[in-house]
Amino acid sequence: MTPEELDAILPDFPKSMGVTLTHGSPECIVGTLTVQPHHANRNGVMHGGAIMAFADALGGSAAAVNLEDGQTTTTLESKTNFIRPIAIGETATARCEALHRGRRTTIWQTTVLREDGKPAAIVIQTQMTLSAAG
Amino acid sequence: MTPEELDAILPDFPKSMGVTLTHGSPECIVGTLTVQPHHANRNGVMHGGAIMAFADALGGSAAAVNLEDGQTTTTLESKTNFIRPIAIGETATARCEALHRGRRTTIWQTTVLREDGKPAAIVIQTQMTLSAAG
Amino acid sequence: MTPEELDAILPDFPKSMGVTLTHGSPECIVGTLTVQPHHANRNGVMHGGAIMAFADALGGSAAAVNLEDGQTTTTLESKTNFIRPIAIGETATARCEALHRGRRTTIWQTTVLREDGKPAAIVIQTQMTLSAAG
Amino acid sequence: MTPEELDAILPDFPKSMGVTLTHGSPECIVGTLTVQPHHANRNGVMHGGAIMAFADALGGSAAAVNLEDGQTTTTLESKTNFIRPIAIGETATARCEALHRGRRTTIWQTTVLREDGKPAAIVIQTQMTLSAAG
């Protein structure tokens, strides 16, 4: 996908956070986010909610890339395991890969990496595909 | 807790999103968020990532309220089930209640409610309590 | 539901474990399991896998009670938080209640209680309803 | 690890189900289970609870392999995504690999594979390490 296509599928909320998509295919989406001071939690590192929102932006985008005409997608559930903190000022990378792409549901695993390449969080989420006909 | 105390425990990221805490006790935290256009997903409703970040702000705050001097808390994991969309412009309410408050871990269930009072999402997360001594 | 109806909806695996359903309605299913020595983990208490299997038996049965003719149900995902151990010899009770009963999915929360009434585990799972037509 | 060592770490519950561990190292545990008729759910395939119990046996064993003298481990949480059914009579394989091995917690991802090698379920769980001193 071109940078313009990637920009077009990213929703307003991750854009307002500063997320950029850098690679997209039906099997894998990659994006980056430079962590700003307003992304902080009370320990002075990236807020868990910001980490989940970053990862969710990729999972939703990955599901969207797989839609056919007239279909939409909705997130059924999302589970995050937090492993390491991400410092303010770092550029974090998230890589979302398909665990399953079925007719009714798709399952995505997104790994959020710190600037040193170590995993900060792992997110698995289920997206349900909805057709216009219901 | 007073409005000043509630404001003091809320981290920068949820503040930047517009979250306000309205009630706080060791067993329960309540907060609100008026959904802005920049909180939108590609379907034009509140982004799942924003819903998770909103709920996580309450879970983390609830864990923080239960800390003793010298302790900190870190989120181990968070799981969200999405039930209904929240429209832009609505004021959503999140209510976080303790499922378990143990010595090493606390478990919190946060229900995000739409303006019509119907549940939009249910989040359960585990916080681990860390002492300064490690 | 009568004891015979409850017995008829319980699958072979939970039956082989010793699960009995004691109450059933479209909104709530209750069951019990007396913990046997062969249900033990390496710490000598009820195995987490046995706790999850017990709870899953109720979630699946609850979803089944809500099916219309020609529909089946499949579990999409299940998340368990473990709170307290259950000793061998205790009779544990699981109570499964609907968090959401939609047209395409149902969401169930099952609390597994020890004999002293304290929660041992909390399970939330999503079931997808499938029609014969696909 | 030798077959005798692998047999010694497997608890009673998975043994009673028919689970056998076939490979063990600090980073990875592999096991198999031939699906018996009493493992069935109401759709006539392997019960989700049996799949979770199978996977949990490996996650717990993997955590146990990493303990030092005087330590024990307890499962904090477990999340399963179900992808495909497993037929009665098949020999399923589960492969558990470390996502994180920290001082306080370990995180394990177990993939349950059908006889045709396709993934049937993916389980991520968090284990907390406890020392005798508390």
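For reference, chains read A, B, C and D in written order, and residue numbers begin at 1 within each chain.
As a working rule, a contact is a pair of C-beta atoms (placed from the backbone, for glycine too) under 8 Å apart; a residue touches a chain by one contact, two chains touch by 3 or more.
Since we're looking at a predicted model, the values are computed, not measured.
K.L.:
Let me spell it out: compute each chain's centre from its C-alpha atoms, then which one is farthest from chain D's centre?
P.N.:
B
K.L.:
On a C-alpha centroid basis, what's the spacing between chain A and chain C, in Å?
P.N.:
Distance between chain centres: 32 Å.
K.L.:
Taking each chain's centre as its mean C-alpha position, how far apart are chain B and chain C in Å?
P.N.:
Centres of chain B and chain C (C-alpha means) sit 28 Å apart.
K.L.:
Multi-chain contacts only, two chains or more: what residues does chain B have there?
P.N.:
76-77, 79, 81, 126, in rising order.
K.L.:
In graph terms, nodes being chains and edges touches, is this line, ring, star, complete or other?
P.N.:
complete
K.L.:
Touching chain B in the complex: which residues of chain D?
P.N.:
Chain D reaches chain B through residues 76-77, 79, 104-105, 126, 128.
K.L.:
Okay, in this complex, where on chain B does chain C touch?
P.N.:
79, 81, 83, 99-100, 102, 107, 119, 122, 124, 126
K.L.:
Flag every residue of chain A that touches chain B in the complex, lowest number first.
P.N.:
9, 11-16, 37-43, 47-50, 52-57, 60, 64, 72, 74-82
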